[in-house]
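In the two assemblies presented below, subunit A is common to both, partnered first by subunit B and then by subunit C.
Let's turn to the complex of A and B:
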C-alpha cells in the first residue's frame, strides 16, 4: 500500500520534473525567474526604507522573502489543471491511481524551486537591509524555506482541486488567494493589526508560522520557540494535505456522476 | 463465463435548465471471455458513454455492468485493475514526456515497478512499432503514432478486458493493418475486447460478434456472418437517365427501400427483397432504359438502413 502510494507520487513527480525542464532552462530560471523574485523582495523592502523605520524594513524584507514561497507554490493551482487540458483526467479516473497522491506529485516542481528561491531570497537580500546571518542560521533558514514551501504547497493543492472544476478561473483563484495570504499572514502588515477572527484564521496559513519561525531566528528566539512555530506550520500543512486528498477524491467522484470534467 | 455483463443499462445526462438527455436506453449485452466484440454506431449513438461506464469513468443512471464478475459501481477498484482502456483521439498522452516515459508512468500507475516495468515498457514499444521513437517527446508525434502509444498504454497491465474506443482513428493504412494483427494476437491470448468503430470492414474482419447501437439502443447483436447475410438481403440497381415519372413509379413499388440520384445521370434503387430487384429491373427494361447494373451494398449501407439516414445529424 505504502509502496504503491510512493510509486504514484514518484511517477507524478517525473511529470513535474519534465514540466519544469520544459518551462525553464537553468539560465532562464537563474537569470529570469530568480532575478524577478529577488526584485520583488527588494521592491517590498524599499517600501520599508521609504517609511524610514529600520525595524519595519527588517520586518518587510523577511516577510517579502517568505512570500516568495507562497507565490511560487501558488502556481500549482494552474498546473493541477494541466491534466484536464491534456485529456488525461479520464484515464487517471479509470486507473487505480489515488488522485490526491497523484496531484501531490504532479506539481512538486514548484515547492522544489520555491525552496531554492526562498532560501536565496532569505540569505541574500536581508543583508542589504541591515540583517546579518551567522553561519549556524543558514541551514536553519534553508530548512524553514523547505518546510514552508511544502506546507504552502499542500494548501495550494486544495485550491488546485477547486481550480480543476472551475479551470477557467484558475488564475483568479490563485491571485485572490495570494492577495489574502499577503495581507493576513503577517508578511507586510503585522498580525496584531487585524481583528481577532482574522488573526485566528491566519493560524491556518503555513506562511504565518513560517514567518514567525524566520523572525524568531533573526531575533534570537530559542530553539523551542522556533521548533514550536515549525511544528504548527507542518501541522497546518498536513491538515491542508488531508483536505486536498479528500477534495480530489470528491472531485473525481462527482465527475463520475457526470459533470463532463473527465471528457 | 461472461467477461462483460450489461443489464438494462441506462444513462441520463442532465443539462443546464433541468433538461434531460438519455444517452443509453436499457442496453443488454453479454460478451464472453476471449471474444472480440465490435460496437458500431453513428456519432452520439452512445458508444463512448457505454465505454466510459464500463471503464468506471462514469456512473450508470440505472442497470448494472459487471466486468469479469466485478460490478463497476460497487467494486470499481477491482474493475480498474482488470481493465485496459484506449480512448480514441489526439488527447490522453503527456506531450512533454517521451513515449517511454509515458508508458513507464502508466505502468507505475498499474502497480508495475523496477525491472518488471522496464521489461513491459520495452515489450510494448516493440509491439506497437515505437521502439525507434521511444525517446522522443510525444508532442512531436503524428496522430497515428499517438494512437499506437494509446494502444500500448491500454496494454500495460496485460488486461483481461480491453476497451478500444475508435482505436484506428488517425492511423495510416499500414499502422491500421498492424493494429488488426495485434488484435488478432490478443484474441489468441484470450483477451476480451470491446471495440467501438465507424469502420464496418474493420468490425467485420476483427469481431466474433457485432452490435449496432443507435440512439442509446442496441439495434442488433449478431455474428459478422449473420450481418453478411443481412447485407446480401439488400440489393441495389443503378440505372442511367431515368425520367422523373419512372423514378416515382419505382419508389412506390413494394420492397423498394430508396430511390436517389448518385451522380448527374445515375439513379440508385435500393431494395430489401430479391423479387423487388427483379421487378425493378423489369420496369426499367420495359421503359427502354439500357444502362442498368445490379450489385449488393456493403455493410455500411446496410448499417445506414438499420439506423436510418440521419446524415450528419447528431442526436441530442
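Let's turn to the complex of A and C:
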C-alpha cells in the first residue's frame, strides 16, 4: 500500500522535474526567477525603511522572506491544470492511480525550488536590514523553509483541485490566494492589527506559523516555542493535504461520471 | 501620416471593444485592492498617515505595469493564432502604430485600478485620499499610461524578435516595481541606484503622481512631465524600429507564420 503510494508520487515527480527543466534553465532560474523573488523581499522591506522604524523593518524583511515560499508554491495551482490542457487528464482518470497522491508528486518542483529560494531570501536579505544570523541558525532556517514550503504546497493543492475544475480561473485563484496570505498572515503587520475573524482564519495558514517560527529564531525564542510553531504549521499542512486528497478524489469521480472535465 | 493615425485609431478602438467583451483582460486588476490593503495597513500600523496617498498610487502603477507585461507578451502571438497577423501586416496601416494603439487601449485598466485603490482605502480604512493638484495628477497619469504603452510596444518587439525572452516575462514585474519606486521614492535609494532608476519613465511618473496628491506645491512639474514623455518616446522609437525591421525581414524570408 505504502510502496504503491510512493511509486505514484515518484512517477508524478518525474513530470515535475521535466517541467522544471523545460520552464527554467539554471541561468533563467538564477538571474530571472531568483532575482525577481529577492526584489520582492527588498521591495516590501524598503516600505519598512520608508516609514522610518528599524524594528518594524526587521519585522517586514522576515515576513517578506517567508512569503517567498507562498508565492512560489502557489505556482502549483496552475501546474495542476497542465494535464487538462495537454489532454492527458483522461488517461489519468482511466488509470488506477490515487489522484491526490499523483497531484502531490506532479508539482513537487515548486516546494523544492521554494525551499532554496526562501532559504536564500531568509539568509541573504535580512543582514542588509540589520538582522545578523549565527551559524547555528542557518540550518534551522533552512529546515523551516523546507517545512513551510511543503506545508504551503499542501494548501495550494486544495486550490489546485478547484482550479482543475475551473481552469480558466487558475491564475486569478492563485493571485487572490497569494495576496490574501500576504495581507493577512502577519507577514507585513502583526495579526493583532486585524479583526478577530481574520486572526482566526490566519491560524489555518501554514505561513502564519512559519513566520512565528522564523521570528522566534531571530528573537532568541526557546526550542520548545519554535517546535510548537513548527508543529502547528505541519498540522495545518497535513489538514490541507487531507482536504486536497478527498477533493481530487471527488473531482476525478465526477470526471469519470462525465461532467465535461475531460473534454 | 495617414497609416500612423489609422493604425493608432484602429488599435485603440479594437482593444477597447475587445476589453468590454473579455473578462481575462481584467486579470491585472485583481492585485489592486489587495496591494492597497497591504501597503495601507503597513503605513497606518506605523502611524505614518502622511504616506497614505502613496498606497493608492503604487497599486495603480503596479496594475498598469502588470497589464503592460501581460498584453505585450500575448498580443502579437494571439494575432497570429487567430489568423489576424498576416492581413494586418499586409494592410496599409502602420503595424507599430497599431500595436501602440492597442496597448494604449489596454492602459485604460489604470482607471478602474485607481478607483479600486481609492475605494478600498476609503471604505475599509476610512482614509479618503484627496487629489490636491488635479491638473498635474491627470497629466501625470495620462503621460505615465502612454509611456507604459510605449514601453510595452518595445517589449512586444523584443518578445517577437527573441521569443526566448518571454521566459523572463513574469520576472520583470518586481524588479521594475522596486527600481522605479512605485511605493518607495527613488530619492531614498543610494546615489548610484537612484541614477539607474531615473532612466525608467515610471520613476518620474510615480514621483509626480504622489506629489500631485500632496498638499504642498509640485516642483518642476513641466520638466518631470517632459521626462516621462521623453523616456516613453525613446522606448516607442526603439520598439517601432525593431518591429519594422523584423517585419521587413519576415516578409522577405516568408517567416511571418513562425512568429
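Here are a few things to note about the model shown:
The rule is simple: the second predicted complex is superposed on the first by the 263 of 263 C-alpha atoms of A that agree within 3 Å, B and C clash if a C-alpha of one lies under 4 Å from a C-alpha of the other, contacts with A are read in each partner's own complex, and residues count from 1 in each chain.
Throughout what follows, contacts are C-beta pairs under 8 Å (C-beta built on N, C-alpha and C of every residue); 3 or more make two chains touch, one makes a residue touch a chain.
All of these numbers come straight from a predicted model, not from anything done at the bench.
By the touch criterion defined above, A:46 lies against subunit C but remains apart from subunit B after alignment on the C-alpha atoms of chain A.
Contacts of A:97 after superposition on the shared chain: subunit B is touched, whereas subunit C is not.
Applying the stated contact rule after C-alpha superposition, one finds that A:76 touches neither subunit B nor subunit C. Shared-chain residue A:210: touches no atom of subunit B or subunit C. In the superposition on chain A, A:183 makes contact with subunit C only, while subunit B stays out of contact range.
Applying the stated contact rule after C-alpha superposition, one finds that A:36 touches subunit C and leaves subunit B untouched. Partner contacting the larger number of subunit A residues, of subunit B and subunit C: C.
Of the two partner chains, subunit B is the only one touched by A:88; subunit C is not. Look at A:7: by the touch rule set out above, it reaches subunit B but stays clear of subunit C. For the contact definition in use here, the subunit B contact set and the subunit C contact set of subunit A share no residue.
Those residues of subunit A whose C-beta lies close enough to touch subunit B in the complex are 3-4, 7-8, 10-11, 14-15, 18-19, 22, 86-88, 90-97, 256-258, 262. Residues 11, 13-14, 52, 55-59, 77, 80-81, 83, 85, 87, 89-97, 101, 104-106, 108-111, 113, 153 of subunit B are the ones that touch subunit A when the two sit in their complex. Residues 23-24, 28, 32-33, 35-37, 39-40, 42-43, 46-53, 56, 60, 168, 171-172, 175-176, 179-180, 182-183, 188-190, 193 of subunit A touch subunit C in their complex. Those residues of subunit C that touch subunit A in the shared complex are 24, 27, 30-31, 34-35, 37-39, 41-43, 45-46, 48, 51, 54, 167-168, 170-175, 177-178, 183-185, 188.
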